[in-house]
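Shown next, in C-alpha cells, is the structure this report addresses.
The chains carry the letters A, B and C, assigned in the order they are written, with residues numbered from 1 in each.
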C-alpha cells in the first residue's frame, strides 16, 4: 500500500500496470465509532478492480456500516467517527483535505429500497450530472446510463413521466442508472434486491455481471445464493464479544463457499446460525 | 502527493474526468456559497429568538416610565382602574377580573363541548363524517375575531336579552359564550390529536375484555390522552385571555370588579385597544399604561403556555 | 371446584344498561359536535342576511363615509392587499429559512432546543402583544411610523411561528432516502436542500404560507396598535404610507350604534370571508393533491 500511495502522484494510474493497481479500494485498520459504541473494528481488505466483492455476515455485524465507509456516507450520521484509512487509487478518502461530496461522486451507491426522487425519469438520471456541474450533452449521458442499466428500451418513450410510476425492479435499475451517470469507478450496493421479487432480482444480478466489465462493485447481501452467483470475492464479517463487527476472512467466493478457512464461516454458510 | 484532495479517476472514465475538472473549478465557489446559505438560515432562525427578546425589552422599557410613577404593588393590587378620569387610579385588578370572567365563561362552554367533539371525532365519527366536520371546524378556527365580535354584539346579545330582560348591551356573558364557541376548534383538535396518538392495541385490549365503545373512550382513551387534553384546555384558556377584538366589541369598556356575567366589564386587551385608538399623546403616563397592562398580559399567557408544555412533557405516557 | 360458581356466573355485565348508556352518550357527543357546526351556519347566515343588501360595486370602489349609503371599503381593501403582499415577501424566506435550519442544519444542542421552545411559545403570545412590540420597535424606535411597512413587519413576526411549524412539518415529511440518494451522487448539503428537500416539501410549505397569510389579514388588534387612525380616504401607494385594513374597517362600523353601519360591517365581513375562504380552499386543494401524490 505504501507503494500505491507513492504512485498516486502520477495523475491516472492505469489498470494492470503494477501489483497495487489491481486494487481500486483498500481499507486499512478501519474502525467506525458511533459515539462510544464501536460498530466495526480493525478491518483490512483490498478490493480488486473490475470485480464484485460480496460482504456477508449475520445482522448487526457492520456490513452496511463498512460499506458506507467507502463513500463516506457515515459522515452524515451524528457522532460517527472513523479511524484508519480507506485508500482509493492511492488517496486516503478520509484525509482532512478530501472533500466528502467528491468522494461520493467517485464511489456511487445503490440503496436497499429503490429511492428514485419524485421527479421525472430523465431528471433522476440527470441529477448527479447537474449537481456535479456537467456541461456536456445531457441527453446522451442520460441515454448511455439508461442503456448500461438495461432500462432504456423500457422507458425511452416516457422519459418525462414520473419515476414513481415504474415498478419496483425498474425503479432499482433506474437508481443504478442514476448512480452510473456520473461514472463512478466503484458502485456500492446495500442489499439492492431485498425489496424486489425473484424476477426483478435476477435482472439486477444479470446487470451486475455486465457492469463489472467497466466498474468495481461491492455488494452487501443476506442472500448466500446471490453472493455465490454474482461475486468474485467474498468477505465474511462477524459480531465480536464487544458487539463490534470484524472481518473473519476474505477470499475468492468459490473458496469461501466450498472450503472456508474458518469454522465460523462454514457454520454461517451452511446455515447453522444466522 | 500532487494535491492531497484530488481524487484521480482511472482511465476509461471520461465523464468522471470531466466532472472532476468541473468540480475543481467550482470548489471554492460552492464552498463559500454553502457557508453563506447556512448563515442565512441561522439568522432566519435567530429572528424568532430576537422576537421574544424584542417583546420583553420593548414592553419593559416602555412600561419603565409608568412604574416610576405608579408602584408595581399599587398596580397589581389596586381595585380601581381610571387612568383617563380624575382622580386617576391605576389598580389593574378590575381589568384582570374582567378578563378572567370572560375566559371562565368561555371555558365553561368550550371545555365540555371541545372535549366531546374530540371524543366523537377520534372514536365515533365515520370517515365520511370526519371529512365534513374537520373542515367545518377549521373554517370556524379561521374566522377573524372581529367577526365573532360582530356576531356576539348583533346576534347573541339580542337573543340573550330575550331571556334575560335586564341584560345590558355590552356584557360579559355574550362575549364569553361566543368566545367559547371560538376556542372549541382549538381545544377539540388538540385533544383529538392526543387521542389519536393512543395506540390501537390499547383500545383493542379493552374491547377484547368486553368493554363498550363509550367505556373504551372513557376508561382507556381519555385517561391515556389526559396530558394532551389538559394541555389543550390550558392553551385554549390562554388563547381566551389574550383574545382582543371580541371583548373589545361586545364586552364593554367599563372596568369593574365584578363576577356577574350580565354586567359590562373591560378586559385587559380591550383597554389596550381603547387607548390605542384614543388621542392620548405618546409618552404620557396614560399612554404608557398600555405597556404595563401588556407586560401583565404577556406574563399571564406565557405562564399558561409554559404550564401547557410542562403538562405534556411531564405526564406524557410512554407507549 | 364444581360446587363453586364459575367466574362467569359471578359477573353481572348489565349489558342492556351499558348499551343504553352508550347510545345516550353517543347522542350527547353528537350534540356537542353540532354546537360548532350550527354556530358556523347561524353565523354565516346572519352575516349574509344582513350584509348582502349592502354589497355593490361602489361598496368596493368607494372610500369610507359618514353617510352609510355612500360608504365603501376601498382604502381598507387595498391596505389588506398591501399587507398580504409585504407579509408574504417577508415571511416566506425567513420562515422557510428558519425551518430549513432547524430540520436540515442545526445540531441537536441547547441552541436548537431554545429556538424550538421559543417558537412554540411565540405561537401562544396574544396578537395585541405583537402590536405593542411593533408600536415600540418599528413605529417608535426605528421611526418607521404608523405605516404599511410597520404593520407588515409586525404581522410578519406574528405569523412567523405558523409558517415555521408548517414548513418544518413539510420538510420532515421528505423521506430520508431522497437525501441519502442525493448525497450519494456527490451533491453537497445546499444542493440536497435546494434540489430535493425544498421541491418535495413545497406543497406543505405553500399550504402553511397560505394559512399564515390568512391569519395575518384577519388580525385587527395588532394593526390597531400600529395604525391607530381608522378613517382614511386614500389608498397606500408605497410602503411608507399610512393605511387601514378590512378588519379595522369592520370594527369601526360594528362599533357605531346605527343599524346601517352594522349592515356595512356585515358586508365588509362578507368581503373579508370571501378572501379568507378562497385562500383556505386553495390550501385544502394543495394539501389533498399532495396527499394523493404521496400515497402513490
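Keep in mind that, in the parts below, a contact is a pair of C-beta atoms (placed from the backbone, for glycine too) under 8 Å apart; a residue touches a chain by one contact, two chains touch by 3 or more.
Here the structure is a predicted model, which is why all the values come from computation and not from measurement.
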Practice prompt. Chain touch graph shape: choose line, ring, star, complete or other and state it.
Written response: complete
Worksheet item: Where are there more C-beta contacts: A-C or A-B?
Response: A-B
Worksheet entry | Gap in Å, rounded to a whole number, between the CA centres of chain C and chain B | 12
Worksheet item: In whole angstrom, what separates the CA-based centres of chain A and chain C?
Response: 48
Discussion item. On a C-alpha centroid basis, what's the spacing between chain A and chain B, in Å?
Written reply: 51
Fill in: Of all residues in chain A, the ones touching two or more other chains
102-103, 105-106, 132, 182
Worksheet item: Of all residues in chain B, which are in touch with two or more distinct other chains?
Response: 23
Item to complete: Can you tell me which residues of chain C touch two or more of the remaining chains?
Response: 186, 188
Discussion item. Looking at the complex, which residues from chain A come into contact with chain C?
Written reply: 71, 73, 76, 78, 101-106, 108-109, 111, 113, 115-119, 127-128, 130-132, 164-165, 175, 178-179, 182
Worksheet item: Which of the residues in chain C come into contact with chain A in the complex?
Response: 107-108, 175, 177-178, 180-188, 191, 195-196, 199-200, 293, 296
Worksheet entry | chain A residues within the chain B interface of the complex | 5, 8-9, 11-15, 24, 49, 88-91, 93, 95, 97-99, 102-103, 105-106, 129, 132-136, 141, 181-185, 214
Discussion item. For a test of understanding, state which residues of chain C touch chain B in their complex under the given definition.
Written reply: 13, 18-19, 21-22, 25-26, 28-33, 35-37, 39-40, 42-43, 46-47, 50, 93-98, 100-102, 104-106, 114-115, 117-122, 124-133, 135-137, 140-141, 157, 160-161, 164, 186, 188-190, 193, 211, 214-215, 218-221, 224-225, 228, 230, 247, 250-251, 254-255, 262, 265-266, 269, 272-273, 276-277, 280, 284
Worksheet, complete the sentence: Residue set of chain B touching chain A in the complex reads 1-2, 4-16, 18-20, 22-23, 25-27
